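Chain nomenclature is as follows: A, B, C and D, assigned in order of appearance, with residue numbering initiated at 1 for each chain independently.
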Amino acid sequence: MIKVGIVGGTGYTGVELLRLLAQHPEARVEVITSRSEEGVKVADMYPNLRGHYDYLSFSVPDVQRLGACDVVFFATPHGVAHALAGELLATGTRVIDLSADFRLQDADEWAKWYGQPHGAPELLPEAVYGLPEVNREAIKSARLIAVPGCYPTATQLGLIPLLEAGLADTSRLIADCKSGVSGAGRGAKVGSLFCEAGESMMAYSVKGHRHLPEISQGLRRAAKGEVGLTFVPHLTPMIRGIHATLYAQVADRGVDLQKLFEERYANEPFVDVMPAGSHPETRSVRGANVCRIAVHRPQGGDLVVVLSVIDNLVKGASGQAIQNMNILFGLDERLGLSNVALLP
Amino acid sequence: MIKVGIVGGTGYTGVELLRLLAQHPEARVEVITSRSEEGVKVADMYPNLRGHYDYLSFSVPDVQRLGACDVVFFATPHGVAHALAGELLATGTRVIDLSADFRLQDADEWAKWYGQPHGAPELLPEAVYGLPEVNREAIKSARLIAVPGCYPTATQLGLIPLLEAGLADTSRLIADCKSGVSGAGRGAKVGSLFCEAGESMMAYSVKGHRHLPEISQGLRRAAKGEVGLTFVPHLTPMIRGIHATLYAQVADRGVDLQKLFEERYANEPFVDVMPAGSHPETRSVRGANVCRIAVHRPQGGDLVVVLSVIDNLVKGASGQAIQNMNILFGLDERLGLSNVALLP
Amino acid sequence: MIKVGIVGGTGYTGVELLRLLAQHPEARVEVITSRSEEGVKVADMYPNLRGHYDYLSFSVPDVQRLGACDVVFFATPHGVAHALAGELLATGTRVIDLSADFRLQDADEWAKWYGQPHGAPELLPEAVYGLPEVNREAIKSARLIAVPGCYPTATQLGLIPLLEAGLADTSRLIADCKSGVSGAGRGAKVGSLFCEAGESMMAYSVKGHRHLPEISQGLRRAAKGEVGLTFVPHLTPMIRGIHATLYAQVADRGVDLQKLFEERYANEPFVDVMPAGSHPETRSVRGANVCRIAVHRPQGGDLVVVLSVIDNLVKGASGQAIQNMNILFGLDERLGLSNVALLP
Amino acid sequence: MIKVGIVGGTGYTGVELLRLLAQHPEARVEVITSRSEEGVKVADMYPNLRGHYDYLSFSVPDVQRLGACDVVFFATPHGVAHALAGELLATGTRVIDLSADFRLQDADEWAKWYGQPHGAPELLPEAVYGLPEVNREAIKSARLIAVPGCYPTATQLGLIPLLEAGLADTSRLIADCKSGVSGAGRGAKVGSLFCEAGESMMAYSVKGHRHLPEISQGLRRAAKGEVGLTFVPHLTPMIRGIHATLYAQVADRGVDLQKLFEERYANEPFVDVMPAGSHPETRSVRGANVCRIAVHRPQGGDLVVVLSVIDNLVKGASGQAIQNMNILFGLDERLGLSNVALLP
């Protein structure tokens, strides 16, 4: 039984870890931390957990107790894991960070986008970007895993088959992405209120969103070269879900894109290439650790449109984190992640 | 492994049965019928099922194939099970009916509320009303089970502790119930459109709703006498969930209602009596086979307010049906039903 | 042209005043205050106002500038108007307070429910409760008007015909009310987030809500005696709207309730008694200053069910405030309030 | 007073015409037709209209009664106006068609996209495309006006400043558009159900949507040449609103795009170019006849991103139709269209 610690468990990725781990046969949450909710039972804060974690209360972060765990998940705002990850690694505990702290390999770029110096640049060389469909081998032996962001997961999975195959014009990629409101977290912000985000739609951060450098880094890896990406995120009136609509020019009109995608993901348990002509709905992955993808070439032109959907809290965060844990500990990658999406 | 058949699997209770049974370790769906979708793979109709039922397509109802199953669920409009249930019972198959066909023990009353004669009155004497918290023993040996409706489940579980204890004035019970739109089914009706049911709230069927006689029948059983019930259902702009707000006059101001409810449900795996002062949210049971209840006595008066929430598609339909199946086949009642509710 | 001032214009009742007054032919907003948004153009905060208030920015409250207005609306949290109202009245300006500060005539009761001493008890004797359907004459000559709360408006309009006629058992009234989330205001509270309030339903404040004493006070006035009221508010996943489901026992089964209600409101421009058997939807009043009511007597029993819907921000707040202003200044009561509800 | 007739008034564009015309000082609806609802009062079908159209019931279409009107709006499915428009024009009545029947100037292209022959090709030469920002002069003297579709309005208004100025690479335009569900109409379709379209997002008709040729036709006019457009519509869980996210390559990095857009629309009463850096929300135009636009050039690259929002039922349909009527009859273009958008 893997002993699990969670740092910062009061937000949406925290409760989602708890939801998924409650059904994981080989893991047990031993510690969950929160400074603001110290002493509160997790089930008192999240009544959906009643009956599943009667033994578990939030405690203040404590390196000794966390270090006694086999693995510690960070479900914290950016900046928090920088300070604590090194200490935990020193105790032999593995760290799976759901925040942005170790996603960018370049500390200066991190500092530029997050407006503060990187707090642990010495750990960056060993941090593994936890996208199993790209980095499975490296994950197996990692000590520190940076779980990809939600937009980056949906976008990379949708574009890398084209880039790895060298088919797309990498200078003009577009990711028009739509996210549910839970992507903004559980913080009490006016913009996330029901009466502000409901019954409306808007783009945001068109000038530049923090997930842009993360996506670009992943696409460069796949393309083995520079990429030009325009990324426009939108806020959509739904709780969960990301719908990435991806545009790439593909010169060769003869290539069978459907086959390309199906073969790329043939052995991936959590990527579903849908039949040609499909339009994946975000609800088809609600609560499930799945990315569903459909490839289109409208009017037979040279612009390819890839549709890629995930649940931002599952394949875009907590589910993918557990998938990483399974790989790390040599378990069946699907353990605890076989939930069917909730539809309707 | 229990061989399962499903009649009428294209609606919301059908797909919910498939979702839940996909994770049931002792059951396998062998047959699922639909006249309109014959030959269509279930995963083509419901993409959330992709990867879980690759072998399964809708077929036309066939007594022989269904009769080869250990149990057949009816997820059909009312009237359909009347004709077919007897034939299946004759083959030795058990029948669990999610429709209203066998819920009322009085065929005349059924005819009055459903506007057509009862098609199988001879089966009524042996039909067991599948509310495990009341009828567990009878369910164990049943051949034909009538799964309670969604409103009746939430309302009965909220009121029976008071009635069984003889505490409430049974002549003036009120059930003000709020339902998500999935309770209206997947039929293409104008009133269920996103633009009609969204961003709005309304009462309906105040004159008399078909669940009224079913609730009254259950309350009479608990009260061992006649009851006067006013039942006002409302349509609420959410997909899943029922919130029953129940009003009963309780003369004895000394009784500890919290304790009464806790003791009544102490051994019930799927009824959660929340701490005094709680306000259960429907999302705390979304996707889960749980009824959460809180008991209030505002301003210390003699009017008791009970709040009772369920997911209408789970504890109010398909989950409860599987709970019945588990009891019927001597399995752990919780098998396949341990999902944590999806929150947020 | 009436010169209008608004104190505390950044919340939802503030922007709703601006929306409605933009179309009022006899009023012009001269001053709008906000400490936190000083200097910000109202249209920069609320882009729906672009093109309508190019001249208007938030300023810090200033008695002199406000006192130069003919009327000042308070759209503030409770407690704020206590301090300022008297000063403005002294300048000859009329005050229409949308907050709870002058709704309860008993300062002690106010103190009990709002947890602080009443700040201007000397003004209470002259404060007029601004429910035109009850107090029209008093409003005409008022200096200080307390606009009713949203729940109290829907509930009183639904019950007073019964109470004024002496038909109901006043000891056992029930108001089961459902509100959209905008009733909780624009404050950044976790409970009002899209991901908390969306796709879910819950009761709240069952122990006692601040609108309870206000409703009771109004019902006592109508009944000319004590009343026993159980009031259970619920949060509903919609932005605007209140649906009050009201229960009262009426002994006399012979009385024509439909006629009673129609006659009571025959001359009321903003109360619509719908045909017998109707189920008013909250969307039928979205954005409009209307209360729609339907009266039911299910199964011909002695329990009457009244359905009453309003838009909490219009007839439940800003629209009603303007209706009061129209009466106060001798204008046609309907001026600026003839908008048709937005449906769908 | 302009005498107005409406053919096919039971759908969402029909009720929206009624809502807006109720407040129009110079127009009065004399006739409204519907075969299925003959004899039903419009206020019985749409309770938001109660008190505004007590005199008006649906009647069967009758050329004589419609011909007695000064103008007839068609709010019908495609194909219906073909047959009737000519007859009405012959009586001297003007026709404003909200359907797609006269939007494409090429009858063959119409036949290809709508799957049936064009029923009135002889009228096409005189049909004026009713986008006032492009065709105001022609509208003034038109007999037959084709009101643009919702997607085409948002997309054209967002792109034509670039195209008219010859700035964009017209071979690679992308319109990634998100629509509320009311765009699908009031028809009882499974895909438009609350439980199907709610809490989810999807693209649709990626292969080719009927608005594609209409948009292309308008862009060609602006660009004075061929255009290559990829148009991907998405269904979004909100009732009203279209958000068009438009991508165009602009070689000249020196041009001041903000100024270009502001000047292009300087005299347009219903196009609002927002300040640089803005992110328009669809709710900022809810219920209002406005298109709000913001222009971005992320990271200073050569890809311009234009954000354009409208209410699909107002500026995307019924409001624009009334704007056309105002122009046609020499009235102030803003008459009856000065509503402030409903926010929140």
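By definition in this document, contacts are C-beta pairs under 8 Å (C-beta built on N, C-alpha and C of every residue); 3 or more make two chains touch, one makes a residue touch a chain.
The shown structure was predicted, so the numbers you read here are calculated from the model rather than taken from an experiment.
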Of B-D and B-C, whichever chain pair has more C-beta contact pairs:
B-C
The chain whose C-alpha centroid lies farthest from that of subunit B is chain D
Return the distance between the CA-based centres of subunit B and subunit C, expressed in whole Å.
39
How many Å are there between the centre of subunit A and the centre of subunit B, using C-alpha atoms for each centre?
36
Counting in whole Å, what is the centre-to-centre distance of subunit B and subunit D, each centre being its mean C-alpha position?
45
Sites on subunit B at which at least two other chains make contact
12, 182, 186, 195-196, 198-199, 237, 239-240, 280-281, 283, 286, 344
Interface with subunit B, subunit A side, in the complex: residues 12, 15, 18-19, 22-23, 46-52, 182, 186, 199, 239-240, 272, 274, 278, 280-281, 283-288, 290, 292, 338-344
Residues of subunit A that touch subunit D when the two form their complex
172, 174, 176, 178, 180, 195-196, 198-204, 206-208, 228, 230-232, 234, 236-241, 243, 245, 247, 249, 277, 279-283, 286, 296, 298-299, 301, 303, 305, 307, 309, 344
Which residues, counting only subunit A, touch subunit C once they are in their complex?
12, 181-182, 186, 188-190, 192-199, 237, 239
